[in-house]
Amino acid sequence: MTASATPAIAPPETVLATDDLSAYYGTHQAVGNVSIAFRRQAITALIGPSGCGKTTLLRCLNRIHELAFDACVSGRVLFDNADIYEWGTDPMAIRRRIGMVFQRPNPFPTLSILDNAVAAGGRRLNRRAKLEVAERALRAAALWDEVKDKLSRSPLQLSGGQQQRLCIARAVAAEPDVLLMDEPTASLDPIATAVIEELMASLANQFTLVAVTHNMQQAARVSDVAAFMLADESRTGRLIEVDDTAKLFTKPSDRRTEDYITGRFG
Amino acid sequence: MDEPAFRRIARFVSPVDRGFAAVVYGGSALFAVLIVGLFIELVLGSWPSLRAFGPSFIWKSAWDPVASKFGALPMIYGTVVTSFIAILLASFVGIMAAVFLADFAPRWIAAPLSFLIELLAAVPSVVYGLWGLFVLAPLVRTTIGPVLQHLLGWTPLFAGPIYGVGLLTAGIILALMIVPTVTAISRDVIAAIPRDLREASMALGSTKWETATRVVLPAARVGIFGACVLGLGRALGETIAVTMVIGNRPEISASLFAPSYTLASVIANEFTEATSAVYISALIELGLILFVVSIVVNAVARLMIWSVRGSRA
Amino acid sequence: MIGTARLRRRRVSASAGAALTLLCALLAAGALLVILGYVVVQGIGAVNWAFLTQLPRPVGMTGGGVGNGILGTIIIIAIAAAMAIPLGLLTGIYLALFGRGTIPEALRFLSDVLSGVPSIAIGLFAYTVLVAPLKHFSAFSASFAFMMLMLPLLVRTSEQAIRSVPQTVREGALALGMSNFRATMRVVLPTARPAIITALLLAIARVTGETAPLLFTAFGSQFWETNPGRPMAVLALQVFNYAISPYANWQAQAWGGALLLIVAVLILSLGARYMLSQASRRLES
């Protein structure tokens, strides 16, 4: 995985990559000069202590970062070999192809479970088509059996874990290529977490997953590739090391990675 | 150090969102135009009067439409006196009621009582006026007035004939109308005083009453004062109820029993009867004075309330 | 000994103080009950089917009603709301979504200023822009004045309601590739809706009994007038005119009209309260 990339064209197994990407809030640089390639249909875990910029990096990948009023970026994010920050690129089109699941479940409170599942495209669908899309997405999110009888109810009646799977279904229904997950289990109990982790493994057959987590056990359990980030003295997040998960957790090449995974800080 | 190449992010790229932003900006701009237009129109409408009478409009006391002589002093006097009576009566009752609601009452009393008092604020002005005209004014003429005159008749404030309608009656009606404002905002301000301040006082062995009067109220005083000023602002501009009970006479009289006029009530009473352009203009200028005064009063009040409560009033 | 005497005095003053605050709270709430009681007792006799559905009768004839005033009130408020809702929402959306910097702050200040402007001054504004140039009174000019009275509450509340929709919900919509427009319409505004409806009900309650600006805008009418370009009867205005009239049967009708106004305002306030509880329930999620 490591240094095999040729500079001009990313290797075929790469669907998304950053090139010297920096992200700012006003004048504060939150992410500094990150270059990383995400392997197709694999789960890449972004790990590191809080404040290391991993969430900001993730939010740069589908142009959600720019919702902060003073947000800026420099560098490139290559998706299918095109820079998503290229002038004239429609962020909405990018976001439809690079879905996102958030730290806290955020179903749309006024829409039914069904309408939540098809929220990405449901504008002109008739009821039948809606149901088809929803069933496919909800099945992919392992939620169908639990909600098939209450599709018109409010999502707020679901448990936290179910809500999060609904959010995953909502993202899956848009048929993206990449799914970004920002600590998807941070607000869930252990049982719901196990369900989501299992789900992530099955989703990786179809999608490219990038997941932020500060739970190292989780990263070790679910990811194929792990990337370790750390903030430097000016609180700018740097990419320290990226490698196959098994290797990063057993034989890290950087001493700071080793310190972190053995619990010496963070 | 080399400066990073910042890339500004274009927030609205899709045509839909450009249109959306344009409509949103347009609506907000229209809103702003309306408010600025309000001020400009009042100035333009008062222009003939401003030119004819100049600043002396404010301190001249003649109000004689037949002779086209206009001075605002009687109305300013009536407005100030009625509002002063109102705030005097309403601030004490309102603040004490707020202390009760915030610090003494158990929840099951405080919630419905607050609701009742807030409903008082929703009662239409014309209903207060009706009640004032048929219930309060006779009461002032037959009971309240004579009692006050008996006790305090030696001062010019309570001398002279008692008509029922007049400054005092208008002041009492206004007090009723602004008590809910004073109470509701004071209660919010008092409730925003940190608990540990109260607990510190109670821990020193103070009673609840001592805590309320010596610790909580002083800490909240700026905000409570702001609440009273906001109530004052409402009283200054209140129109219909006052028009119905003040007697509508453009005279300055020391007695609180005497009929008078306020800025708002003279506009309400005479505007549709005004015939000459300068008469209408003089009435609009009264409205302009009212507008400017109420803006100043409201701005002061809100600044005070924000300073304590730390959010928008 | 001195210590205990002092302690007793403090206890007594504490109880007296508590009693004083209770008394003041009861006085404030009691005023409402007294006024309500009077209006009900005096007004209930005047309210009947004819009162609600008939035109006013001339002086000297008994009977008649305020039907045209009720209709006029509804028409004028409906037009005012139809203008105030979009304008208030757009400004609220602007302040909530783009609301940083000097211009939005100035706009918030202007909105607060407007909320403190006496209604009579707003009536003068409506007169100078819509009555004087056309040389006749009109219901529409009254709607315009009511719109100005409703706007500050709508603007401020819709801003707060939109802000209180969790940022994550909005981001969730945008992350699906929704446009800002669609995210606002389909997700943000529906979530904020109960709070916005609360504000609308309160704004309507406020103008329902408003009389001062009507004197020289809607002006009043003796007929079934439905054309907003012409003078129109309004209930609050009828109450005012009947109250200051010297005729006993008109005064009785004034109490009846006041009762209708109070009932309308109470229903609107209770409705607003119910919507508010819905709003807070929605935000707990």
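The letters A, B and C name the chains in turn, as written, and every chain counts its residues from 1.
The rule is simple: a residue touches a chain if its C-beta (ideal position, glycine included) is under 8 Å from a C-beta of that chain, and two chains touch if they have at least 3 such contacts.
Computed from a predicted structure; not experimentally measured.
Relative to the centroid of every protein C-alpha atom shown, the closest chain centre, again from C-alpha atoms, is found for C.
Farthest chain from chain C, judged by C-alpha centroids: A. We define each chain's centre as the mean of its Cα atoms; on that basis chain B and chain C are separated by 17 Å. Rounded to whole angstrom units, the spacing between the C-alpha centres of chain A and chain C is 48.
With centres taken as mean Cα positions, chain B sits 55 Å from chain A.
For chain A, residues touching at least two other chains, in rising order: 92.
Across the assembly, chain B contributes residues 14 that each touch 2 or more other chains.
Contact of a single residue of chain C with at least two other chains is seen at positions 179.
Those residues of chain C whose C-beta lies close enough to touch chain B in the complex are 10-11, 13-18, 20-25, 27-29, 31-33, 35, 38-39, 42, 86-91, 93-95, 97-98, 106-108, 110-122, 124-125, 127-129, 148, 151, 155-156, 179-182, 184, 205-206, 208-212, 215-216, 219, 236, 239-240, 243-244, 251, 254-255, 258, 261-262, 265-266, 268-269, 273. If you check the complex, the residues on chain B that touch chain C are 12, 14, 16-17, 19-21, 23-28, 30-32, 34-38, 41-42, 44-45, 92-94, 96-97, 99-101, 103-105, 113, 115-120, 122-131, 133-135, 176, 179-180, 183, 207-210, 212-213, 230, 233, 236-240, 244, 264, 267-268, 271-272, 283-284, 287-288, 290-291, 294-295, 297-299, 302, 312-313. Interface of chain A with chain C (complex): residues 62, 64, 67, 69, 92-96, 99-100, 102-104, 106-111, 119-120, 156, 167, 170-171, 174.
Of all residues in chain C, only 100, 166, 168-169, 171-179, 186-187, 190-191, 193, 282, 285 touch chain A in the complex they form.
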